[in-house]
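In what follows, a single structure is set out as structure tokens and then discussed.
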Amino acid sequence: MIRNDGRKIDELRPVKITVDYIKHAEGSCLIEFGDTKVICTASVEEKIPPFLKGTGQGWITAEYSMLPRATATRTIRESAKGRLTGRTQEIQRLIGRSVRSTVDLTALGEITVWIDCDVIQADGGTRTASITGAFVALYRALEKIDKLDAVKNFVAAVSVGIVGGEYLLDLNYEEDSIAEVDMNIVMNDVGEFVELQGTAEGKPFSRKDLEKLLSLGEKGITKLILKQKEILGVK
Amino acid sequence: MIRNDGRKIDELRPVKITVDYIKHAEGSCLIEFGDTKVICTASVEEKIPPFLKGTGQGWITAEYSMLPRATATRTIRESAKGRLTGRTQEIQRLIGRSVRSTVDLTALGEITVWIDCDVIQADGGTRTASITGAFVALYRALEKIDKLDAVKNFVAAVSVGIVGGEYLLDLNYEEDSIAEVDMNIVMNDVGEFVELQGTAEGKPFSRKDLEKLLSLGEKGITKLILKQKEILGVK
Amino acid sequence: MIRNDGRKIDELRPVKITVDYIKHAEGSCLIEFGDTKVICTASVEEKIPPFLKGTGQGWITAEYSMLPRATATRTIRESAKGRLTGRTQEIQRLIGRSVRSTVDLTALGEITVWIDCDVIQADGGTRTASITGAFVALYRALEKIDKLDAVKNFVAAVSVGIVGGEYLLDLNYEEDSIAEVDMNIVMNDVGEFVELQGTAEGKPFSRKDLEKLLSLGEKGITKLILKQKEILGVK
Amino acid sequence: MIRNDGRKIDELRPVKITVDYIKHAEGSCLIEFGDTKVICTASVEEKIPPFLKGTGQGWITAEYSMLPRATATRTIRESAKGRLTGRTQEIQRLIGRSVRSTVDLTALGEITVWIDCDVIQADGGTRTASITGAFVALYRALEKIDKLDAVKNFVAAVSVGIVGGEYLLDLNYEEDSIAEVDMNIVMNDVGEFVELQGTAEGKPFSRKDLEKLLSLGEKGITKLILKQKEILGVK
Amino acid sequence: MIRNDGRKIDELRPVKITVDYIKHAEGSCLIEFGDTKVICTASVEEKIPPFLKGTGQGWITAEYSMLPRATATRTIRESAKGRLTGRTQEIQRLIGRSVRSTVDLTALGEITVWIDCDVIQADGGTRTASITGAFVALYRALEKIDKLDAVKNFVAAVSVGIVGGEYLLDLNYEEDSIAEVDMNIVMNDVGEFVELQGTAEGKPFSRKDLEKLLSLGEKGITKLILKQKEILGVK
Amino acid sequence: MIRNDGRKIDELRPVKITVDYIKHAEGSCLIEFGDTKVICTASVEEKIPPFLKGTGQGWITAEYSMLPRATATRTIRESAKGRLTGRTQEIQRLIGRSVRSTVDLTALGEITVWIDCDVIQADGGTRTASITGAFVALYRALEKIDKLDAVKNFVAAVSVGIVGGEYLLDLNYEEDSIAEVDMNIVMNDVGEFVELQGTAEGKPFSRKDLEKLLSLGEKGITKLILKQKEILGVK
């Protein structure tokens, strides 16, 4: 089977990571999964949230947004609506948990790292590209403030799904919109799950389907983490 | 191993479902998973959301909330804050997708069913109790308006997790707050997954861990669906 | 004249108070005035609002809400709208003033008691049931923290009204919606008024009407306070 | 007893009503109760709210606000806070019900009259001055659009209270802030009650207290309605 | 050419300033530019905004609003909408910068002066009348707290524009709504610009047009400042 | 005098315009004024705002935002705050008026063009870069839908200012933050003003200063429009 963009079923879209994309941020990158493009920045603040006062521990939190015309038809700005959609909140919580899992917060000291993922062009997989790029921005920021010791693992994310009965890796928008099952896998560099979110959009899935999807995802994550390490000069 | 409330590791808390709990609602129940108590109602409205205009299809949507003192310390009302938290939005989207998966929306006709899950006392598992109760309320509402034909499947949900290295079914609050891994499984009555959400709170999990957790969850769901059928008089 | 639910014109609906209904709250009850059911909780917080800083005095404040399907047709959540309605604010201010009147705030010490009244099923008289139940929850909370000395009086509330020219006690929803005059009376256990709010919905009322309504209300309040005392084990 | 501003206990403050104060409004006045000054306008709109569609009936609604420096210390604008306080909502609902009671809404036809009461200087009694002035603005607006037939009654409002054990008419700010009991009476020109709101600020009040306060209020209202009629050229 | 209200093209509308219009405010006035009427108050608060902490410097900030029926058709309150319009924010920022330019903030000491401009009747030029009146209110407030030393300059504002090819001074609403070019000039008493905002509503304007408009504006400002000085008893 | 980035006082920063930067938008570009980078998109919608219903005329409106880490220290998202700042509203209104001035809205037909300017990196002059880029995006969009006939003029914008007594063209952030006078000039390709906004940040400015600044701005605009024409292939 050949996919609508010519890929094989277990093939990632071309991945491109431009590090230090934004000059002001401690860490940043522009990450591209095919036509999906996300600016990720990591900003270090010498402050911690109230619930951590006195623990000596740091914090990492994430925000996510899309430019209004990142999408095929223009989306109304959340700042104009005055509230975040449920989708946005769900995604930014997921990004936050994912990158937080890679760091020893105690070793960070009393700082907060703000991760911002802003999608400038969307073509499916914006949350997985965001997580993968967020880790790169975070890594660069911690490098800059000389806190790489706090990093325990690398983390990356990819989507998998069932489309027309086929198991596919890294769905683009067109595939995603007709998928029967859609799953986001967040995994670290020793092959462990950090997050697993599977949704039966149209048709519930069996345990056997799950097995196939997990293997496909694992394959994609391995390549993404390799790319991250290459870009960051880590062996 | 004996759990803090005397249960075995693969044992559900006592489940109690009081059907037709709210007199005004087309369908309703009070569902209890141990000390977790949720009022679920299903309200039928002769209207559909704009994006379905002209499709002849119906819709099911869900909202979720907690009374301020459902929790150990009082929580500020979202109505007082003027916005929903990310957690609330995440949960109500999950409930919505879960119950929607059980119904043939085309067979519903042009109506909207509003599912409301209001937690009056919380002790862990509020989202899984909500999904399990929401289906009961929905079933009763569809029975009342003579649309049971639209129901394709039963659905229930349960949490599983790893606590102190042990695989546990149906975590209570105390267990949940110290879990290394926390997973919510939504499954139908033929053993297929509708949703799967696993989070490594402290420690990433392996594929083997996942296998164990899924088996545990499947066991719990089977009992919950049995209970639903018994209560609703379905064989 | 026999009322739509078989009561006499000066008869209360069956009153039921289930104390300690919510396990987490310092004080709580489920109060039922016929089909009107309200969960009342009292939460003690070791903090006072800014305007009392340095006075050594405590505070009691109240919030009120209805579950969306407490009503005959579903009501949109105030958390979804992002703001409280005027009706809600009016009621919660009334509940706050009413219960505050029963306590010597100086004797409370520097704590805040949050009263939450959440209507789970509505059939008229939700504000009077809330006040009557709120006092019970407050009493239990103060008993628990050993501050019963601060309680100066009992308080209860009831509605009275003119319907079809008749003076009625404790209006249910159907009566309330066609009443010419609607009055809420909040009174303490020595027969003094704490609040009096009368509204001519359709037809202004005379001083003579007022006299009749007050006598009817007084009669109802006396019974409600008796019930509170019985439930709380106070002679 | 002489009051802090030299008045007798049953004496109103000087009342001044400047009709047609705002050139754009269909009806308007500046009303002064001593140092309390309120601009009242009545705006006619050829539209009715959704809940009246198809009834042929009109509507009257009211809004109330204070300029930030109407008060002794500057108050934050509700537009800056992004929400109305409970006090504001309570007052504007009261004004709305009060003026609505004077008009046969069926005779109005399908229009909405918006009453706006904006306090430019406050010294106690802003809600009673607002109601009294709102009626004048409404009357002028209905005169202008030739709908005086719809007016059934005049209405005015005054506060009464118990201060230091004395029964006082028309409390100014200083009196109001130390009152034991505070009551607002809204009455029509045949001596019937439209609204009655009594609050025991510090000390509950007896039925005898109530009698005294009502007589005092009736006296004040009579004078206010006389003033309205004189200003509006009605005999 | 004679204008719609009989003025000459370089003639201001009648200007009237009633000082000390609001009794509670440290400084206040009612300013009238023809039918445009604005209540301006200056409120002194013994506090400074966070960004000035520790600088020893004071602050002046401004807010602007219109009564709903200041305009020909009723405008919805910003407090009811829950947010300020862009127009309001633009105007209040302009007023703030304009009056701030007249004062040596270091000489103020650690206070904030809140300027409130509330338009009670609008007929064009509300922002220029507001600036001109705001300075008067500010001056009076500083006089009262004995800080006149901090005042470096007087400031006033006027609009100019091109209507039907004619250069006009101080546009009223009717002129403003058909103007090709609309410009607001804020100038001090030594003829220097504080703000200059020109907008081509319909037709871009040339440098020569600009020259003419500036000369016209300068003429108007001179007269306004003379009026301010006369009213404030300054030579 | 040499400026902090080596430019001459009348020299623009390097300008770079990448057309068709976002694939989904009808028109788009990435515009760079030195380190200031803005993504501008133009989205065509087959709908007009209510106030234009029935006029046959189209509309153009603009929104502006900055990514949180476009700035030296991270800025809180307006979507998180739930409201737009005054600065944002001021800028987006300015962009809207500026681009609207270039188009014959009647010739557009019943469409709305949404201009979005999203600053991804800020170093002074974000509003002038936005206007200049917005026109390019708009031009491309109108070209795509075959409506170039509606374009009457080109428009561009530049800032000028007085820094340390020197008149400077196109201020960068460092210059802008210490400028005595800051002025934004929006001009079309025949040298006419569309908008002129000058602010005396610290020191009021004379008419002579104004002359110098205008000449400097005119020079910059001429170059910017040349650049636009070159990029768009217009002679």
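Going by the order they are written in, the chains are A, B, C, D, E and F; count residues from 1 in each one.
Quick note on the criterion: a residue touches a chain if its C-beta (ideal position, glycine included) is under 8 Å from a C-beta of that chain, and two chains touch if they have at least 3 such contacts.
Every value quoted in this text rests on a predicted model; they were computed, and no experiment measured them.
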| What chains touch subunit C and also subunit D? | none
| task | Among the listed pairs D-E, E-F or C-D, choose the one whose interface is a repeat of A-F, with over half of the contact pairs the same by residue number. | result | D-E
| said: Angle of the rotation mapping subunit C onto its copy subunit F, from a C-alpha fit, rounded to a multiple of 5 degrees, please. | reply: 180
| said: Report the inter-centroid distance (CA atoms only) between subunit B and subunit D in whole Å. | reply: 51
| request: Provide the C-alpha centroid distance between subunit A and subunit B, rounded to the nearest whole angstrom. | output: 27
| task | Please compute the C-alpha centroid of subunit B, do the same for subunit C, then give the distance between them in whole Å. | result | 33
| query | Whole-Å distance, subunit B centre to subunit E centre, using C-alpha means? | reply | 59
| Of all the residues in subunit E, which ones touch at least 2 other chains? | 82-84
| Touching residues (chain side subunit F, partner subunit E) in the complex | 83-87, 89-90, 92-93, 97, 101, 153, 183, 187-188, 190-200, 204-207, 210, 214
| query | If you look only at subunit D, which of its residues touch subunit E in the complex? | reply | 22-25, 28, 35, 39, 41, 43, 45, 63, 65, 67-74, 77-84, 88, 114, 116, 118, 120-122
